[in-house]
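A short write-up of the structure that comes next.
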Amino acid sequence: MPLPAEFHEIAKRVNNWGRWGAADEIGTLNLITEAVVREAAATIRTGRRVPLAVPLRQDGVQTGMIPGRINPLHTMVAVNFEMFGPDTVATSDDAVTMGLQAGTHWDGLAHVSHSGRIYNGRPADSITSHERAAFSGIEKAGPLVSRGVLLDVARARGTERLPEGHAVTPEDLDAAEELAGTTVRPGDIALVRTGQIQRYLAGEKEAYAFPSPGLSLRTPEWFHARDVAAVANDTLTFEVFPPEIEDLWMPVHALDLVEMGMLQGQNWNLEELSGVCAEEGRYAFLLSAPPEPFVGGTGAPVAPVAIL
Amino acid sequence: MPLPAEFHEIAKRVNNWGRWGAADEIGTLNLITEAVVREAAATIRTGRRVPLAVPLRQDGVQTGMIPGRINPLHTMVAVNFEMFGPDTVATSDDAVTMGLQAGTHWDGLAHVSHSGRIYNGRPADSITSHERAAFSGIEKAGPLVSRGVLLDVARARGTERLPEGHAVTPEDLDAAEELAGTTVRPGDIALVRTGQIQRYLAGEKEAYAFPSPGLSLRTPEWFHARDVAAVANDTLTFEVFPPEIEDLWMPVHALDLVEMGMLQGQNWNLEELSGVCAEEGRYAFLLSAPPEPFVGGTGAPVAPVAIL
Amino acid sequence: MPLPAEFHEIAKRVNNWGRWGAADEIGTLNLITEAVVREAAATIRTGRRVPLAVPLRQDGVQTGMIPGRINPLHTMVAVNFEMFGPDTVATSDDAVTMGLQAGTHWDGLAHVSHSGRIYNGRPADSITSHERAAFSGIEKAGPLVSRGVLLDVARARGTERLPEGHAVTPEDLDAAEELAGTTVRPGDIALVRTGQIQRYLAGEKEAYAFPSPGLSLRTPEWFHARDVAAVANDTLTFEVFPPEIEDLWMPVHALDLVEMGMLQGQNWNLEELSGVCAEEGRYAFLLSAPPEPFVGGTGAPVAPVAIL
Amino acid sequence: MPLPAEFHEIAKRVNNWGRWGAADEIGTLNLITEAVVREAAATIRTGRRVPLAVPLRQDGVQTGMIPGRINPLHTMVAVNFEMFGPDTVATSDDAVTMGLQAGTHWDGLAHVSHSGRIYNGRPADSITSHERAAFSGIEKAGPLVSRGVLLDVARARGTERLPEGHAVTPEDLDAAEELAGTTVRPGDIALVRTGQIQRYLAGEKEAYAFPSPGLSLRTPEWFHARDVAAVANDTLTFEVFPPEIEDLWMPVHALDLVEMGMLQGQNWNLEELSGVCAEEGRYAFLLSAPPEPFVGGTGAPVAPVAIL
């Protein structure tokens, strides 16, 4: 089924193609200016550091629902190997095979395409198996650090965890922004908490994956209006799943990544951060979240840290 | 050949076993207090961000010299796959196989052992193929952020790049500290620049790997005296290679990781940072360098960022 | 729980250590003489070829029950890549990551140990992460071709598939040998059919894995008496699972691999072969089943073929 | 540069598209009838078995010349792991990552395309990253067993090893056929020995890879005239490399795989076989060489065995 008119109308309103020039490959990351980073630094008061990645292990968040996206297979190539002879210093070394988007990760701008195009109107077939993403590869994202703002939708709605099929609406984001006590500004990275990752942390992997609360088709306009640099949340699918409109699969991915040119983060653990923000009564912080620079990657693992 | 008396004497002087309790698994990372992070934040003035990782690609820094430590094999599992039918949103997905210490990385405390022990006196055989590092796995390092100080030894010595076999001495570090204009303090992360990575950047991979300048056997005491939290540099081998004392292989690894319990970073690209620090006349910054949290990892990739 | 007296008594009776010299690494494969291969060739009448491997794909037989033994992740490194310029010959290339014992495979003699020993009394710690199996690695098995005999236990018992927990007994093997109309002889490879793989072929992967019919603790003596070269069957676990004696796990593995030095095959699809043998009224054939020669492998994939 | 007229003329002469129907996916493998297999069996006299695969190890034949085609990275996931408690049976398990065409392998029919087509006129874009080769995947090759004939070109020319740039001509094949003392017949598998693999066996990996002797552009017609089922040799590149006509890269691949629909084997070790054939004065044998059945594979590892 072709994408419906409704999709194309929203697409037109949030489209950023050409905004930073025809050669641009990083989209809304252009909004992170040095001034924004200075503001981010200014939010640091206590010096608390909160990690936002889930541990990387074979028993990770993937369930097999997404073909080929495997949890880390982490194996040893040496264990206490005395390479230089007996009674010398011994080394242990390991290797991994994993989907680049298997754990806590950023979706790169080349991760999805529609109508034969990726961000900035580039042809989708610029992605190949031998070269991977020739444009907008995840390594282009660079040293991704900015002001982060936690939009704690679950807490703003007075619940521990949003219901299974809940589509996070612009109104939900408004309420979370009010709770945060700060206006989301150009260049900010918004972290949207649904509480869904509690399912994974409780060992309920299938329930974590599907059905899942997530961002509504109406949220890209909210983020576009505020000119955020990136959005991450605590679900496997990022957007509400199954989708709001029958047979319209992954519209939020297409709007965020292709139309706006805005990175999306998934499987971020926002539970500890939620507690810390509530305790300190502030929801803005310096967020350091540079993706591992896989050349041509359509996504990459990240170990994000919020510094308060 | 057993480790010589000279090694054991230094080991005694820098040993931190028990200092943070018998259960401790993170060693000198305990020195990064919230106060240290606040001081790190205070160094941010311009908001410049400098990435320190080398790109992850098959043509990476590994040459085959270290058995089993392979450069990333980055492959596609889907390219513009219309999973939900024709004319729908299409996805591209990728996977990787790599040595955890193949690119820009942290050595975890379990990466080396000697005399049957790892950091804090734990038995080396607590590392297994099925469980990997049961103690001091790299995931324990957590959200590694602190004040970073660039010790630009090459620049302090008035050269672009240290000679091949140059062992960086405590005197070299003194000179670089003086150039930096700041005292290295407890909890800091020291970045030691030799310029050696220019060889890799110029395509001379074999020359980059070996022979290499690097830290001398005498440097662990210098770092121990200042109580730094971690040290990284811009070489493949970290310490001078071949070693200073014949048949005494990897003594600095053993002193740093096993005796002090101090993380080591390798293959960090400090070239751009060197230019920025010289230009701004300041060598301290907030350094964000959380390792990817591989459970039981003896090391992990990191995409470090210096924020000035 | 240490291994019980009953195990040790059987072990004594089937032990082959030293039988082919202290340096031997291949155990009962020594029994495949050129005369045996000539007899195998003599069984070929119609020229029918029956494949016995299950296809290698991500949706393979592994369920995650055995940690780290992953189904093949098969990815593309190039798709129609015109490496030499436009309108030239294009290539497609692929790569795989998999457990060596994930699909249809041979267990090598180093796959299990007990009491610190592997086959021929060699120390279990001769297996390391950096060198893998220094002795009895699967590459030593060489060009594994012999006379194969199908022991169709399911058919001999007049059933399509043995019940879940059925332990195949010596009496079952006697009945299958009678059905086969040939005596199992020294150097033969016995293929024991339970029908269990029908569960996998029907998409019931969990049911295939566990609980499973399989060889009883009493069968090693039967195979030892006939001096077979190897045994394979159509289950994931080879032996009955859960085991016959509480807390005595994998005794058949230990008897076959460690004591006798006899290769075991698992996940072999014997369904088509069962039909062909019944149709032709003969159960002996030339079996070609050389393992992929992974140096130091504790097992290896195999694509066996029966030629009738 | 588009393919020259000379190529297209040969292509016309050897083309097999439609010969076995529009639905055919295996090309010349159709020529292996049961009668051919019976004839193969009839060649077995002594019962000698000769393995033809090179061992699979990290120090394999690949040099990095072919991007993404990595030698096996073979790692341990468990070493003597007592999964069921102390003093129980312990297991060792391993995993591998490798290019499917890294060692001794078959090129599948989907391995190359030209002018947008693969064998039997199917569109090249039927190969995708998510499904791999939808047509003519290597798993379709099935239980590949036939009469093998060694065409020992090096020996027929009275040399140990063909010179570097030697293109094996039809006349060379004629001479080798005469030495073999048997006519190459429909359904046979021809093994063409150049001796080049001696370079790899001597540790000269770069010299083995390039420049290499190999099959000439004129050989596909020779094989087509005899209707062989498949051809393998003892080089990395199969055809002479660099190519005979400037800028005409991989024409033999295109003729064999795309036009004829004939599998090609590479990196086969024919040294021992050469000695055995010369000694026994006969060059035909039963060849068992079923590829590992990777679903959709554009090639696959094989552990071939010649049985004499």
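Going in written order, the chains are labelled A, B, C and D, and every chain counts its residues from 1.
Assume contacts are C-beta pairs under 8 Å (C-beta built on N, C-alpha and C of every residue); 3 or more make two chains touch, one makes a residue touch a chain.
As the structure is a computational prediction, the values presented were derived from the model and not from experiment.
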Between chain B and chain D, which partner chains are common? A, C
Comparing which residue numbers chain A and chain B contribute to their contact, where sharing over half means same and under half means different, the two sides are same
For the Cα fit of chain A against chain D, please give the angle of the superposing rotation, nearest 5 degrees. 180
Contact-richer chain pair (by C-beta pairs counted) among B-C and A-C: A-C
Dist(centroid_CA(chain A), centroid_CA(chain C)) in Å evaluates to 45
CA centroids of chain A and chain B: separation to the nearest Å works out as 27
Contacts with two or more other chains occur in chain D at residues 67-68, 70, 73, 75-79, 83, 92, 95, 97, 128-130
What's the contact topology between the chains, one of line, ring, star, complete, other? complete
The residues of chain D that touch chain A in their complex are 67-68, 73, 75-77, 79, 95, 97, 129-130
Listed in rising order, chain C residues that touch chain D in their complex are 1-3, 33-38, 40-41, 44-51, 53-57, 66-70, 72, 74-80, 83-85, 87-101, 110-115, 124-125, 127-129, 132-133, 139, 142-145, 247, 249-251, 253-254, 286, 288, 290-299, 301-305, 307
